[in-house]
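The following pair of complexes shares a single chain, subunit A, combined with subunit B in the former and subunit C in the latter.
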Partner chain A sequence: MSENQQAVFSPNPKKRQKNLAVSRWTPYWYILPAFVVMAIMVFYPLGYGFYLSLTDMSLATFKNPNFIGFGNYLKLLQEATFIRTLLRTIVWTAVNVFFHVSIGLFLAVLLNRKLPGKGLLRVLLIIPWAVPQYIVALTWRGMLNNQFGAINIFLQKIGFSALPWLTDPTWTFIGAILTNIWLGFPFMMMISLGGLQSIDKEFYEAAEIDGASSLQQFRNITMPLLKPVLAPAIVLGTVWTFNMLNVILIIAGGFGNEKTQILVTEVYRLAFNFYRYGYAAAYSVVIFLILLVFGMTFMRRTQGIEEVR
Partner chain B sequence: MENNQLQFRDSFKNRHFERNDSWLKIIVIYLILLVMCVVTVYPMLNVLSVALRPADNLFQLNLQIVPDNYTWDNFRRAIFEIDLLLWIRNSLIISILTATIAVCFSASAGYAFSRYRFTGRKTGMMMFLVTQMFPGPMLLLPMYILLVKLGLVNQFLGLLVPYTATAVPFSVWMLKGYFDTIPKSLEESAYIDGASPFRTFYQIILPLAKPALAITFLFGFMSAWSEYIVAKVILTKPEVLTLPVGLVSMQGQFNTQWGVYSAAALITSIPVVILFISLSRYLVGGLTLGGVKG
Partner chain C sequence: MKKLSLVLVVLLVLSFFAGCTSEEPAAPATGGETPAEEPAAEPVDIALWEQMDPAAQDVFDQVAADFMAMYPNITVTRTHYETEELRTNFQTASLAGQGPELVYGPSDNVGLFNVSGLIQPVTAVLEESFLSTLDENARKDGYTSGEYWTVPDINGNQIALLYNKALVDQAPETWQDLVAAASAARSIDENNPDNSTYGFLFNEKEPFWFVGFYNAFGGSVMDADNNPTLDNDAMVQALQFVKDVRAKEGLGIEGMDYDIPDSLFKQGKAAMILNGAWSWTAYQEAGIDLGIAPGPVLPGGDNMTFYNSTKGYMISTDMDPAKADAIRTFFDFFLSPENNAKFALANSQAPTVKAAWDLPEIMNDELQQASVATIQHTTPMPIVAEMRAVWDAMRPELEAVLYQDKDPAEAAAEMQTRAVEGVATIRGE
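The block that comes next holds the complex of A and B.
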């Protein structure tokens, strides 16, 4: 912010003509509509969800739930399935985000070069992002079909044996991971590409003159300059993956086996299959706290937050 | 002089490729990119392949894209025998309304975050980012109970409000980033000419932000067009179903309807894919700007 800009835009009406009518409330009026929508659909439900987690609300006690304090949380932490599901969710998220970022960044680096036809290649590479998620999941479920799915047919053509994708829960989970990796890398690719394009070419020219290898250039120029772009994207990507209900639900074809569930699918199952609203709410508060702590720590570590002045 | 000659000899390669790359490196790069393209394109071709198969021959043990005895029958049945057109109509109404409202709300909020310094600005921006961390199901349940109380279950309005709320935070960030790149001198001169702040925003800044607005609209549209979970919980009557709920419900009758489903999936996703890709050149700039620039 230069002095000049501050002078013009500080909401101080004395400094300008009257008809500009900027009062200290002006910015709040601009934000109001967006804020109201968020309040109704995010902040209110959030508060209400937290309240629910302290009650024993279920279908039987829907009208007048009992307040039971932290009972749900105590029960939840003692449950072995919770810990197992949490660990599975962490594996799910870590594997997915790792491949999203590494594939995305790698392709972005390739696409950021002078390369005839790269426009077309880029278009083809963002297709997974453009196709609606539920269609992707249904399509992959078709391709993972044990007998008639394209993946097993391909595996058999190149001399491997068919894998029990949809019958063995472990393989179903791996199939869901494959699907989600396919789904998520174009987002990271486009984010990285945008970041790469904003890096001044002169840095690389200077590095080349100094005799830096391309690996050195990547580590010492590209990565630091990409960090402010990638850090928020990684946080978002982690949150999205952690909460990816669609893919798991559709690939696994429901809640059949515990070994394919992650925390959010567990919340959905508890709430909409078993109507244990209070307990489900406690689950989601735990998820929220995990993500909040992760997001804050990650952003602070990478100092991405510094950008938000 | 020698330099010139050297440049001339390599001019073809230099004009089209990075100067230091050997031909081998170029070929490897192309190979990697092409393999990845096959990976991204194949699943959609697989859908096409299933859609082209005749109903009595859905399950085949080969990887042919266009079956020998291909037929367009599944497309005909998708349009005339299932409620596809109704679902498309419902989804169009909801998606266009969501996108329009989200663009209006987030443009004004993004502008305030970009141009004014006020108490709660930083907190407000963080708040919009943090909302992205709420697990959907956590909001889903209270949201559902709220909508039941308001009598909005099975109503388009009941979907519109949550969809707008989903689209707004990301759009606010993106538009704020874009507004930051528009020089403030434009507004200064408008002020000097006596324009009010709102008029300046409306007549000068918004037209300049068209690419970002287009992306925001697209995001809102796509998120509503593809949303499955909330719609599944809120919509139960057949006549209000949106595309995702309708299409996934066909999964139950997979054996007979797989071909029809595939045709329907293509009909519904191809327009969005084209829309998305045609706007993708704004995507790179728009996203990065929004993500981080202070």
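The block that comes next holds the complex of A and C.
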């Protein structure tokens, strides 16, 4: 053992602390760079956002905002628009995530079997994910056009009447949901496929010997073993969908009708149309808290981060 | 251990706050501390953040090169941003005292920047004699709260009646003429929309187009105190009129947005559309024999009166006063008649320097002359921040009248209520 090594591993604490490279502080030196980046990129913006939400920062008070405590939060919670928009956002998120997971999982199971042209199919199914959201939304907006859109032309060809996709706010909202479902299922499909491919085939062989049906195999082998992969993906998908701005704004053509808006578009409208920065920050903090509570509860309930027993 | 973590966190947080709240502006790249006695001799850097079209950026770089060759002590640094990016970045940078000296963009930024105290009146740097060389209509567009806030260099953005000369002989002067010309040019194949030719199309759901009708019936979206004025007879008439374009005259397509008229006109499948100055060059490039005229006179009203707006330069509140001379020199050069004409041609919009109107390159340009003719039937768009609340309030009600058979009087009342609420939100009331 060299002299230096002797100093490091010496039972004498004074000798041991001479070398900073290997000491009880060493792990903290390793994480310091990551901590600095996190502090700049995450903690500071979060803290500043929270601070803004406690002020009346707006156009008139842009340079000298006043501290108003929880005034913005009290106002927000008393607003009927907030409750309506929150409920709409929950519907938007639940419907989207449900179809993302269902379609994604269904396709993943299909692609996990022996299938002719599987490679090509996989590429085709990833396309919605690979194309920029903005382009996808614009394309769907064109397809939803009342007169020239492909969807109404198709509906009319098979004997249905054209739907007012872009002129009736309820149908516009449904159109936005359809667009976002199309955009979101490939992510769930890829995650599920990765999970499925990591499941040992022996489980299924043993189940077949025991006489388990396909449905029983899916329920008792596939789903439990997919959970550690799928649960975090569902939380991610929920956060992304909850905060989806582009699709709503492009399909609805802006902030036109309240019936097409969700919480995050309301934040954008308040901040950049009405310049109520403090109030918009309060909205953002509430969104953050909703998603934080959901994420923690969901992961705990599904035991998604625990090892499969 | 916990103590060390705590100390680290506190130190980091304090250092970030210290960095972000520093009141000292960044040291000027060159010559920020110019001695007062020799201002022209010291090097000066003028930072400009702009939202220019690509063609205008090229012209700017050429003119800037000429400028810096003539005044070697002054450097102009241009940074490009898109519209929203420019707004937010300028706000954020100004908050930290790091903004540029000049900001270039549409005049509707004025309402946002001046209320926030981010820009100063241009008269703080420029003499009245300089401003008097600019077109009065353009100057008015940057005027609010008793001060001029922009140095406009192009004027336009106005919507006009565009017609395809292959389908319509001459521009209709009245609404009745327009309906007759549109009906004559119209030929609809119900089974195949691709074989159809449309008479008259416009973006029916966008308030920026709708105000042309509202103004024609004597309406105005705001009063002198910037309060919304939307619940009146003019609004009811305008809403009913726009609804009747399809319902009674049979013109147009349900759900017409920006893209449908634009696309069909480019394909030669629309005889007449309403569209803005930004689009005219593209139609010529698409091979359309383009005619441009003011919107026709409406029955019981006046000419359709759309908004015009300018683009121009704003001066930051944080501008170092030692740079005032250099900035004056910049404006003298960039807004000379010849250079102003270059920007106008690059943007296909009217110049703002009065003397530029008489230059041959402007006189001989077809689009410039169309711009001159149509801009006389426009009115400056209000530049105050409250305008956002007005736009926000108008659109859903306009759509409700067009697509959900809402009574125009009811829609006008609802519009007013929403606009008043929006204005109160913006003002923080």
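Simple rule for what comes next: the second predicted complex is superposed on the first by the 267 of 309 C-alpha atoms of A that agree within 3 Å, B and C clash if a C-alpha of one lies under 4 Å from a C-alpha of the other, contacts with A are read in each partner's own complex, and residues count from 1 in each chain.
In this text, contacts are C-beta pairs under 8 Å (C-beta built on N, C-alpha and C of every residue); 3 or more make two chains touch, one makes a residue touch a chain.
Nothing here was measured: the structure is a model prediction, and the numbers come from that model.
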item	value
Partner chain(s) touched by A:Ser102 [first = subunit B, second = subunit C, both, neither]	neither
First, second, both or neither for A:Ile40, with subunit B first and subunit C second	both
First, second, both or neither for A:Arg122, with subunit B first and subunit C second	first
Touching partner for A:Tyr28 - first (subunit B), second (subunit C), both, neither	both
Contacts of A:Phe272 with subunit B and subunit C, given as first, second, both or neither	both
Contacts of A:Ala233 with subunit B and subunit C, given as first, second, both or neither	first
Which of subunit B and subunit C A:Phe148 touches, first, second, both or neither	both
Partner chain in contact with A:Met190 - subunit B first, subunit C second, else both or neither	first
Larger contact residue set on subunit A - subunit B or subunit C	B
A:Gly254 touches, of subunit B and subunit C: first, second, both or neither?	second
Shared subunit A surface residues [contacts with subunit B and with subunit C]	24, 28, 35, 40, 44, 142, 147-148, 253, 272
Contact set on subunit A toward subunit C in their complex	24-25, 28, 32, 35-36, 39-40, 43-44, 47, 56, 58-63, 142, 145-148, 164, 166-169, 253-258, 269-270, 272-276
Subunit A-touching residues of subunit C, taken from the complex the two chains share	1, 4-5, 8-9, 12-13, 16, 84, 87-88, 91, 95, 112, 115-118, 193, 205, 253-255, 257, 259-260, 385, 388-389, 392, 395-396, 399, 402-404, 422, 425-428
Sites on subunit B touched by subunit A in the complex	16-18, 20-21, 26, 29-30, 32-34, 36-37, 39-44, 46-47, 50, 59-63, 104-106, 108-109, 111-113, 115-118, 121-122, 124-143, 145-146, 161-162, 164-166, 168-169, 172, 184, 187-188, 191, 194, 196-197, 222, 225-226, 228-229, 233, 244, 247-248, 251, 258, 261-262, 265, 268-269, 272-273, 276-277, 280, 283-285, 287-289, 291-294
Contact footprint of subunit B on subunit A as seen in their complex	1, 5-6, 8-11, 16-17, 19-22, 24, 26-28, 30-31, 33-35, 37-38, 40-42, 44-46, 48-49, 52, 103, 107, 110-111, 113-116, 118, 121-136, 138-143, 147-148, 150, 153-154, 157, 182, 186, 190-191, 193-195, 197-198, 208, 228-229, 232-233, 236, 239-240, 242-243, 245-246, 249-250, 253, 263-264, 267-268, 271-272, 277, 280-281, 284-285, 287-288, 291-292, 295, 304, 307-309
